[in-house]
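Scrolling down, you'll hit the structures one after another.
Across the two complexes that follow, chain A remains constant while its partner is chain B and subsequently chain C.
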Partner chain A sequence: MTNAEIREEVLEILESIAPDEDLSQLDDAVNFRQQLELDSMDFLDIVMELRKRHRVQIPEDDYVNLASMDSTVTYLTPLMKDIERV
Partner chain B sequence: MYDTIIIGAGMSGLAAGIRLAYYDQRVCILERHTTIGGLNSFYRLRGRDYDVGLHALTNITPKGTKKGPLARLLRQLRISWDELQISPQLGSDIVFPGVRLRFDNDIELLRSEIAQEFPAESDNFDRLLAAIVEYDDLNESHQAISAREKVAEFIRDPLLVEMLFCPLMFYGSAREHDMDWGQFSIMFRSIFLEGLGRPQAGVRLILKQLVRKFRGLGGELKLRAGVKELMVENGQVCGVILENGERLEGRRVLSSAGWHETMRLCDDGQPVTARGSGRLTFCETIAALDVEPRDLGHVSTITFFNDSDTFHWTVPNEPCDVRSGVICSPNNFAYEETTADGHAVPGTMRITALANFDYWQGLDERSYRLEKLRWYDRITDSAVRFVPDYRSRVLDTDMFTPTTIVRFTGHDSGAIYGAPEKQLDGRTHLQNLFVCGTDQGFVGIVGSILSGISMANQHCLKD
Partner chain C sequence: MIRSASLNFDGDDQRIVITGVGLTAPNGDNLTDFRAALLAGRSGVDRYHIRYVGDTLAGQCHFDELKYQKRKELRRGTRAGSVSIYCANEAVANSGIEWDKINRERVGVYIGVTEHGNVETENEINEIKAFNYDTKVWSHHHNPRTVANNPAGEITLNMGITGPHYTIGAACAAGNAGLIQGAQMLLLDECDFAIAGGVSESIHTFGIFAGFASQGALAANEDPTQASRPFDRDRNGIVVSEGGCLFTLERYSAAAKRGAKIYGELVGHAMTSDASDFVLPNPEQQSRCMNLALQRARLNAEDIDIVSTHATATTSGDIQECTALRTVFGKSKRTLINNTKSFIGHAMGAAGSLELAGNLPSFEDGLCHHTINVDNLDPECELPGLVLGEPRNKQEVNYILSNSFGMLGINSAVVIKKI
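Let's turn to the complex of A and B:
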């Protein structure tokens, strides 16, 4: 997947986790938690959804990389570049 | 081979099951009883539907609320607010001699009642509110500060302190006399800052939604499948043996049966930790009326009463403690439209009182039946000091005692709120055996659902 496609995937995952949130104004450089009502359980779901949808395994120590959209896409690029976006 | 075997198809077990099934685990929920629900179940008797346990759900926030336990559990289970069909309470009250404090799902009512009844405490109450709002329940550092001591730093009038503790203890505290400040803050928010609500169809609606979701995700549910023993090898559980002898293998087990109840299933020679058991249990009388309670002048959803200035939250010396109680009228919620269901009960009054398990347990069958009749009357006599006397309108009655609770849920001593000391991390001496439900964390429907979710998240998902 390209960076843009990875970003789309992450947006879809965020939509499924927090359907009431308005994601259209998301600032990629700012931490998710500062813009959205996400708690630690929701963050776990981002990890779990990536595993469920794309079999991407993220070790617990790396969760910190998922703080913002930019950092998330950067982190996921090497892991997801070979995956086809359906 | 299951990824996770869950013991108990109550709220926490079902919620955990949904989380695990959603993330593609092979999950089996094993329930001993003939039906689901556990401490929050439902039944039908002589043509009427009743709830077990449910007076109201706590933590009710309006649709669209993003914060708080209800919003969290809806997101985690991927259930919409509408699916639970919750209607808010009409309004409840706390009644002590000479004083009544009303409250509803807007904290402003309670604030104005306190301003009226305890004017000197008005500002103090606001300071207490601020402190409670600040308490962070996901990042809890277990401090064991006495709630009574902490609240007394804000509220000077002991009667107001007692009146505030009364509903929070009933809804509920596993610990006698006091609770810790963290627990107090959580309960206070659940009941006074958030609120009470109920689906008109009762708890069966919630349970059926949960089961439907669980099964829809591929989860397996086996009823009449009590676990006799856990198979333990090299410090790990490898499966369960059912009462009927059947063996099921699993990579891990999550049990909502209760701490001691689960430890007994291990039987691996490990000495059981000296953890106190829950001792607080109840009797409840249920009366089906031929009239709506509001037509008798009773519009209160829940009335918490106490007949003196001091509230006693402890195992009673008598079979039932009629000095205090909870009067619940399930009709007194803001339902959208009345069900045109022929099974609907026109009016129901439920009275709950603290009870002594040992007493009820020690009765032979005949004495048990007679005592139920005697205490039905005494509990009702006590309650009609605080609500209109509905006794001439009764069509049918039912009553449960602590032994009823044990019989249908297997929870020791009928302690519906579990042990006073919770196993907050859900861990046991075995690396792949975990506990959820009332002995792990929060109580009540929302509390136990969140318990199931968080234990599944913490221990069963992160492989």
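Let's turn to the complex of A and C:
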């Protein structure tokens, strides 16, 4: 997947986790938790969805990389560049 | 006044009254609509499909899930939690209590359930099946969803309640058990305002349908509205339903002080066990339960205006209950008897509280709703006072007794008095 496709994928996951939030104004550089109401279980949802949809395994020590959209896409690029977006 | 066997209570502080009702049933999402459906003979049973079992019948609820929850909360929680939250909020609104002024540390939540956790566990196993049963994709939400207190806990989260909460597992007697527990907690000064009753999400588990089918106890009928047929000669089993009914309970002194509408006073209750069979009911213990409730209410059988029966439309269960009813009420010439499961199926944890709620308006309109789907009364289910065909105008109703019996021989009865 390209960076843009990875971003789309993460956005889709966020939409399912936070269905009441307006994500159209999301600032990619700012931490998710500063813009959305997300708790630790929600972050686990992101990890779980990536695991279920794309078999991407994220070790617990790497969760800190999922802080913002920019950091998430940067982290996932080497893991997902060879995966095709369906 | 509730009189227990060993303790004596006096005074308006020790009288427990129902001040609010919040409910969802397959044929109505508030007491007004539910009562209208009962008086009009309107069933809430419909065709239903669930994985592995296939096409079947069920009573499904259609309340607005987003009335009191956001989409995220709905996604995070359970169906039982959603039903509970709807009913609790509706009951509190119905009670007219000033919710923003109440001390929420002194609100207790007591919810009866037949079971909890099956729906979520079945869902998770179905999810991981697609991943070759790899438990690394087992949801981190599973544990908070399946702990037995989940339905009551979700209410406290939604409504900011910091008083006690728990569920009571009491099979199909759970609705009465929740009500009794709430009343007892008020008497013990554990709370000042109780949200109590029963809920059910049971139709969302295929296991309950499969289990009843294996027992030979799952109803079938070309016309879903005719499938639940307690007392009818041609009854062939249970229609499984979801639903919820929660009451707000207060001490009479507090309710009167704030000018609350009072639906009725809980003047008697009893719970007993059969100690005889996992499934087959015991009429001796059922009648002992009813008599104990009457004794605590200081009433005779003929004082009861309406008896709401449990009867689920199993061949033997209906007969056993009728034997018990004839023992207790056989000589009363004025007691009327009805059944709500004929309309809405068996709402499991919610059954007892829904069936009681559907009869409470009788105190005001003097009507006893009937029992539908009895085209040919089973001779072994003959009951003096059984109301069939259409509602009966009793003119004045002062006492209602409501029965709920369940597996493992659990029996319950509550007596409500018009105030």
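In this section, the second predicted complex is superposed on the first by the 86 of 86 C-alpha atoms of A that agree within 3 Å, B and C clash if a C-alpha of one lies under 4 Å from a C-alpha of the other, contacts with A are read in each partner's own complex, and residues count from 1 in each chain.
Just so we're on the same page, a contact is a pair of C-beta atoms (placed from the backbone, for glycine too) under 8 Å apart; a residue touches a chain by one contact, two chains touch by 3 or more.
Note that the structure is a prediction, hence the values are computed from the model and not measured.
Engineer: With both complexes superposed on chain A, which partner does A:V10 reach: first (chain B), second (chain C), both or neither?
Structural biologist: Neither partner.
Engineer: Using the superposition on chain A described above, determine whether A:M80 touches chain B (first), chain C (second), both, or neither.
Structural biologist: Touch partners of A:M80: none, neither chain B nor chain C.
Engineer: Can A:A18 be said to touch chain B (first), chain C (second), both, or neither?
Structural biologist: Both partners, chain B and chain C.
Engineer: Where does A:E60 make contact in the superposed view: on chain B (first), on chain C (second), on both, or on neither?
Structural biologist: First partner only, chain B.
Engineer: Could you let me know whether more residues of chain A are touched by chain B or by chain C?
Structural biologist: B
Engineer: Just which bits of chain A does chain B share with chain C as contact spots?
Structural biologist: Residues common to the chain A contacts of chain C and of chain B are 16-18, 20, 37, 41, 44-45, 48, 51-52, listed in rising order.
Engineer: What residues of chain C sit close enough to touch chain A in their complex?
Structural biologist: 70-72, 75-76, 131, 136-137, 139-141
Engineer: What part of chain A is in contact with chain C in the complex they form?
Structural biologist: 16-20, 37, 41, 44-45, 48, 51-52
Engineer: Within the complex, which stretch of chain A touches chain B?
Structural biologist: These residues of chain A touch chain B: 16-18, 20-21, 37, 39-42, 44-45, 48, 51-52, 60.
Engineer: Once bound in the complex, which stretches of chain B touch chain A?
Structural biologist: Against chain A, chain B makes touches at 23-24, 64, 66-67, 71-72, 75-76, 78, 138, 453-454, 457, 461-462.
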